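Before anything else, here's the structure in question.
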Amino acid sequence: MTYALEIKDLRKSFGKTDIIRGINLAVNTGERIAVIGPNGAGKSTLFNLISGRLMPSSGEVLLNGQLINGKKPYEINRLGLSRSFQITNIFPKLSVFENLRCGLLWHLGYRYSFLRFLSNLDDANARTEELVRQIGLEKKRNVEAVNLTYAEQRALEIGVTIAGGANVILLDEPTAGMSKTETSHFIALIKHVTVGKTLLTVEHDMGVVFGLADKIAVVVYGEVIAFDTPAAVRANARVQEAYLGSSVADAQGAGH
Amino acid sequence: MLKLQDIHAYYGKSHVLHGVSFEVGKGEIVALLGRNGSGRSTTAKAIMGLVYAEGQMEWKGQDILRKKAYEIAHLGLGYVPENRDIFPKLTVSQNLLLGQKGSGKGSRWTFKDMYEMFPRLKEREHTEAGVLSGGEQQMLTLCRTLMGDPDLIIIDEPTEGLAPKIVELVGQYLQTLKSRGISVLLIEQKLTIAMHISDRALVMGHGSIVFDGTPDSLRADAAIRKEWLEV
Amino acid sequence: MEFFVISLLNGLSYGLLLFMLSSGLTLIFSMMGVLNFAHTSFYMLGAYFAFTISGVVGFWPALVIAPLVVFVLGAAFERYCLRRVHKFGHVPELLVTFGLSYLILEVVQLIWGRSVVPYGLPPQLEGPLFTIFGTQFPKSKSFIMLVAVLMLVSVWLLLTRTRIGLVIQAALKHPEMVESLGHNVPRVFMLVFGGGAALAGLAGVIGGNTYVTEPAMAGAVGSIVFVVVVVGGMGSLAGAFLASLLIGVLQTFAVAMDQSIGGAFQSLGVAVTDKTFGYELLQLKISQIAPILPYLFLVLILIFRPKGLLGTRED
Amino acid sequence: QKGETVKIAMIEGLSGPFANVGQNQLKSWQFVAENLTAAENPAGVKFEIVGMDSKSSPQEALNLLKAASDQGFRYVTQGNGSNVAVPLSDAVGKANERNPGKEIVYLNYAAVDPVLTNDKCNYWHFRLDADTSMKMEALTSFMKDQPNIKKVYLLNQNYSHGQQVAKYFKEGLARKRPDAQIVGDDLHPLGQVKDFAPYVAKIKQSGADTLVTGNWGQDMTLLIKALNDAGLKIPVYAYYAGVSGTPTALASGGDLEVYQIAYNHSNYTGRMNQLMVDFQKKFSDDFYTFSVYNGLVALSNAMAKAKSTDPIKVSAALEGLKFSGFNGESEIRKTDHQMQQGLWISKWQKVDAKNKYNVEKTGYTFVPVKYLEPYVASTPTSCQMKRPNAG
Amino acid sequence: MDNSISNRSKPMNVSRVVIWSLFAIAMIVAPLIFRSSLALTILSQMGYLIIICLSYNMIFGQGGMLSFGHAVYTGMGAFISIHAMNLAAEGSFKVPLVLIPLVGGIGGMFFAILFGFVTTKKAGTTFAMITLGIGELVASMSLMFPGFFGGEGGVTSNRTYGTFLGATFGPQIQVYYLIAVYCFICTALMFAFTGTPLGRILNAVRDNPERVEFIGYNTQRVRYFAFIIAGFFAGIGGGLAAINFEIVNASDSLSGVRSGGYLLFTFLGGATFFFGPIIGAVLLVLASVLLSELTKAWLLYLGLVFLLMVMFAPGGVASLVMMNLRVARFGRFKPFWILYAGLIVTGAFLVVGAAALVEMVYHVQLNAALGPEVHFAGLTLDTSSLGSWLGAAAVALVGLGLMEIVRRKFARAWGAAQEFIEAEIKRREAA
């Protein structure tokens, strides 16, 4: 069978530094994967490689069986992969509604069209309205994105990411900066909007990780040292030592 | 050391702080807790002179309310903002260099100390800070502020985006600061750490302080926690 | 050989002139990101001030005083105008400098009139420095070359020996953060802008009498200075230096080249007559477009190497 | 018509880069208009000149033409730049065709593109200056008698004026001095050269003994400076050495052999000298646009002849008009409305006992070297003048 | 003509119909009110400059591309139009005059396709500098090719080579209406563009090009397409200019000064609002034609206005209008009538006094020899008497002082109104 996302011996180095050192990962359609690991382990870099923001030094990335490495971000997105960013990355001067609508125009086939009015694109507008509701920003529908609170911006970030209806979704620390209550709301939201989709998410909040993921991939120093169910990962001694560090007093040298 | 009395702060015309009063003593770690949007970051900015504020504010007995940010910094206040604000096009060491005031002589902290504390930074010394991982950036901001040798450091959500292991590390690090006589005003979301290391806890709600006491008493006060922290 | 040596010398001296004109802009444009359209107006001011001041106290004191006066004006402009619009972004900054360039031009014309002013060389700089192959090389140009090199060295020292460059770059991104770290950002901006203006003023003091001092002198070099800075690479003083020399030499040698595209075709056996499509373009000689080659160079550089020759930034 | 006021709109760049020249010429017009004697003004009208600022932009000039027409002007004048003159002449022609009863006469006192009195000639346009073909005709006639001119270098601005200078010069030289050689013919972009040293090196390398250039403004002064700097002391034959500002710059350049080809020089005696001296006294500026004088005198003569100030009648009278101008008998040729006049070669040198007029107070002056009679400078025209039926 | 490009619902609602009708009516009746032939030319120029400034804003305000070379596309459109007119008059290329602007549009578009291919690969400063370079190149080269560009004199033509519905297009009024029709249609089309998918994505590219790549769009393509469309409208504007003047001339049409003018006035009008450039175009014509007629010091005034506008109203005139409308919409405008009146009166004192000084200075500098009298605003000032100088200075100072008092009051009232509005918005949001 083909995997939704398959990564084969992926490597990336910046100058002389090897950051991603041979990652292999295969994700089935519909799975929710949490990617965890120490700071600087290469999680965001991995996402950047998959989504086309960076070019791999070597290795392969396959999306639904199709080789996508070396493609431009927009090409990869058109093939059904969408991602969010660790640092909020939306359209600050556009309203919430417009942000979301931009997210889905390409995928509804409107592309570079300049011969029809947005307001007449009923399918796009209906979808957008639904998205606005899904991410709980009805009241801020017409507010410019810059004027949203941090948590609202994060929600919008996710909204823009899922708007196009991509099947494979990568979320980079979606709950960072949120309070506990907000986080739990947010997790529910993510679960809700990604039903039936393949999800990869980077997280540091273990509560979220264990609440959300079917499987966990642990990235340490550019390698996947474990890829298993939450229970198994939690029990894994290497993971504890490298990442969770609950008992390890000498916690220096994160990432080594 | 730091004393705020009835501080009101504004973003343009919008009134955010409605009379905030508290004190931070020497060598004390004070946690400032509260929900998103309650005004904690604004309090920090008000102290640093980055938002327009009214009221009374004293630092080491000196009025600092109308002073410019760089003057305040020179008086020995350090600030680590919540969104990190690293300088992306400068290298790690240049970022640290900017943390120094003047020549950096006589500072309690040197480059070496910083690199020892976070060896990861040493490795990335000549890398542009903009490409650092989220966690690395967080470490860098902490160190950058320390380079300026502050007597009180205001830290806004330092554990944000850090791996659990590093979070612990930061906790230890704050206690090290305390042991060197530096006061800390810690703005936190993660109650566990904050409660664990702080000497005193403040809770903010709707732009004013609604609780001021020891962590233990806060732990005991379920009503406050329920109303202002967790719901 | 003879022609080669003389042209090389001409090229270098022209290149250094360009560097002198644009070094201040490099400082302002690359560090503060301000597209300062009034840069050459400060150049003009330097020349006029020097003209007036040297009439009173002589050229050599004017060489020092005039740039200082320009410094004060530049710093004041930063303090009272540019600073206000800084927060609105680059385009308003640019427009403010645009407005300023109008104002300076008009005020200069009001004070000094609309014609050339008789701003001459001091006796020490008159006449040739040396003669090779029967062609003289004037002292005034040698002086320009000397000053340009001194500018390079001093600006370079300023940037590498102090944290000013870092503070400014950092402040462009997060000004509040830099202030919170204890740096007086507004003052640094003011000094840098004033300094850039003063460099332009200094260029004016010696450019004005080596060439011509008149109201059109600012406009005449208005866009070439941007070419130098951009070709060299934003944020790179060395790049600006290299670009100046390169443009100077390139243009000087291009003047000597009477080849044309049409000529090239003809030597390949393709007939080119005035009936051929694009005949006017084909018969244009390289020497005829030499002075606008820098713009072509600019476009090509930006297409193939947007960072510029030695630049590090691309924004 | 006696005692009538004739208003002339001077549409010219009065601000911007060419403002100094425009302002000078506006003063010249006003000054001459005020000082016409009875003999010079047989019609006895009062000329009133109003300056309108076109900023040297053709489109602005056309706007101003409308404004002038609205305000009742029937005479306009312009000269600085054929880029304005050609559109203006064209627009005057069209406007007169479309608005009968509001005809306008256009006096061109300085734009020298030959096209204005050839392919694009227009009944309402009268040129008071000599065009490039005439100047080059005269210049080459002068060179015919200069045996030491053997190798000529042409350096001009790469636009129509510079291209025409080169073209007409080469034609004339080939006819009159087939033995002389053109050793270089360079064109450079208008106003883009900051340092002429490379060109000077090229001129030197070519072994030229004479330089001919139509350059003006910065392109002229910088060229002279570069020649001086390099110590290349060959004679320069120039068009616009005497225009506002250029003499000041020339003087700071040092001693160079510069000849000017123009309809005048700076050391007239008699009436013109008087005007120059008075002008300098009044404005502390030089009066050098003599065509202004010819223009007003011709206009007044035509008005006297037509016994009217009506532009239709006056323009009919101007055609073929013979009058006594500053260079003696002059004629406005009927076929193309080009004034036929004698031309001068003058030389830039220090003021001396005989030649006292101090140009721009530089201590230098343009001393006449040779006068070329009108017939020498005259060139044929291809103009097919379309005359309005009425009139 | 909505207040914000990004917030809108259905394109056809009542207020919009009203606004567009008013726009059309204004264009129809304007020449009936201003009847002189100069006024008519001014109106005609406003018409096509509106198109040009709007087209410029398509890339600048909506696409975030700061171009220093827009005149290249208007100018090339104009040159191609004028050649087309000449060919049509000869009979070798049968295009009626009313379609000439489209020929210009296609010309502009052609060059946008050509040059845009390289320029739009980049954004930001790089884009700005490439356009500067291309602009300089085209402007300098055009003078070297008299064949196509007509040399110094430019290319002339005659627009009366045919008739259309009985119009010969000889009289300016007919040309004006031709321009007005084009202006209306083009404005409508460009407004419509802001509401299309490409238009919206263009805004997104301006705001955050990186993210656009991750929602499926190729940013370079988006910029390129927008650039081409803007080039088309720019070319139409150029074509209309060619018809209006019947001459096209490199020094006017292609120069960097022109490009700079489009930028300056688009900004001055207000680049963040769709209708801002319309105001900008009107101001451009008024400043260049009327202001320079009124005073010799016009460049000084223009420089000052720029400086002050950018410093105090960086959103341009349009943003001032919108801010006041916002106050009005919240029913808080009442106190400002009197305050504005106060500002205007005191400001007038300041301006008259200061301008009198400026005029006298200019007079002394330029025409002193014509006598010491200056005529200004109906007054005759004597530059040789100290009284005039002191008087003017006094008027200016009194104006300044009074204005400062009013300004303070104004600022307070304005602040209060804004505070109220902010609170009101919050209240409505909460509700």
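As written, the chain order gives the labels A, B, C, D and E, with residue 1 at the start of each chain.
Keep in mind that, in the parts below, a residue touches a chain if its C-beta (ideal position, glycine included) is under 8 Å from a C-beta of that chain, and two chains touch if they have at least 3 such contacts.
Chain by chain, the UniProt names read as follows: A, B = ABC transporter ATP-binding protein; C, E = Branched-chain amino acid ABC transporter permease.
Keep in mind that this is a model prediction, so the values were computed, not measured.
Chains that touch both subunit D and subunit E: C. Considering every other chain in turn, the ones in contact with both subunit C and subunit D prove to be E. Touch-path distance (fewest steps) from subunit A to subunit E is 1. In terms of C-beta pairs in contact, C-E outnumbers the other of B-E and C-E. Averaging C-alpha coordinates per chain places the centre of subunit C 31 Å away from that of subunit E.
Inter-chain spacing, taken between the CA centroids of subunit B and subunit D, is 76 Å. Centroids of subunit A and subunit B (each the mean of its C-alpha atoms) stand 30 Å apart. Averaged C-alpha coordinates give centres for subunit B and subunit C that are 45 Å from one another.
Each of residues 140, 144, 146, 299 in subunit E touches at least two other chains. Chains that are in contact with each other form these pairs: A-B, A-E, B-C, B-E, C-D, C-E, D-E.
The touching residues of subunit E, when paired with subunit C in their complex, are 66, 118, 121-122, 124-126, 128-130, 132-134, 136-137, 140-141, 144-148, 256, 260, 263-264, 267, 271, 297, 299-300, 302-307, 310-311, 314, 361-362, 365.
If you check the complex, the residues on subunit D that touch subunit C are 17, 19-20, 23, 158, 186-189, 191-195, 197-199, 201-202, 204-205, 217-218, 221-222, 225, 229-232, 244-246, 248-249, 251-252, 360, 362. Those residues of subunit E whose C-beta lies close enough to touch subunit D in the complex are 36-38, 40-42, 45, 140, 143-144, 146, 151-154, 156, 158, 170-171, 241, 245-247, 249-252, 288-289, 292-293, 296, 298-299, 366-367, 369-370. On the subunit C side of its complex with subunit E, the touching residues are 33, 35, 81, 84-85, 88, 90-92, 94-96, 98-103, 105-107, 109-110, 113, 223, 226-227, 230, 234, 279-281, 284, 288-289, 292, 295-296, 298-299, 302-303, 306, 314-315. Every residue of subunit E that touches subunit A in the complex is listed here, in rising order: 6-11, 192-193, 195-201, 203-204, 206-208, 210-218, 221-222, 225, 229, 429.
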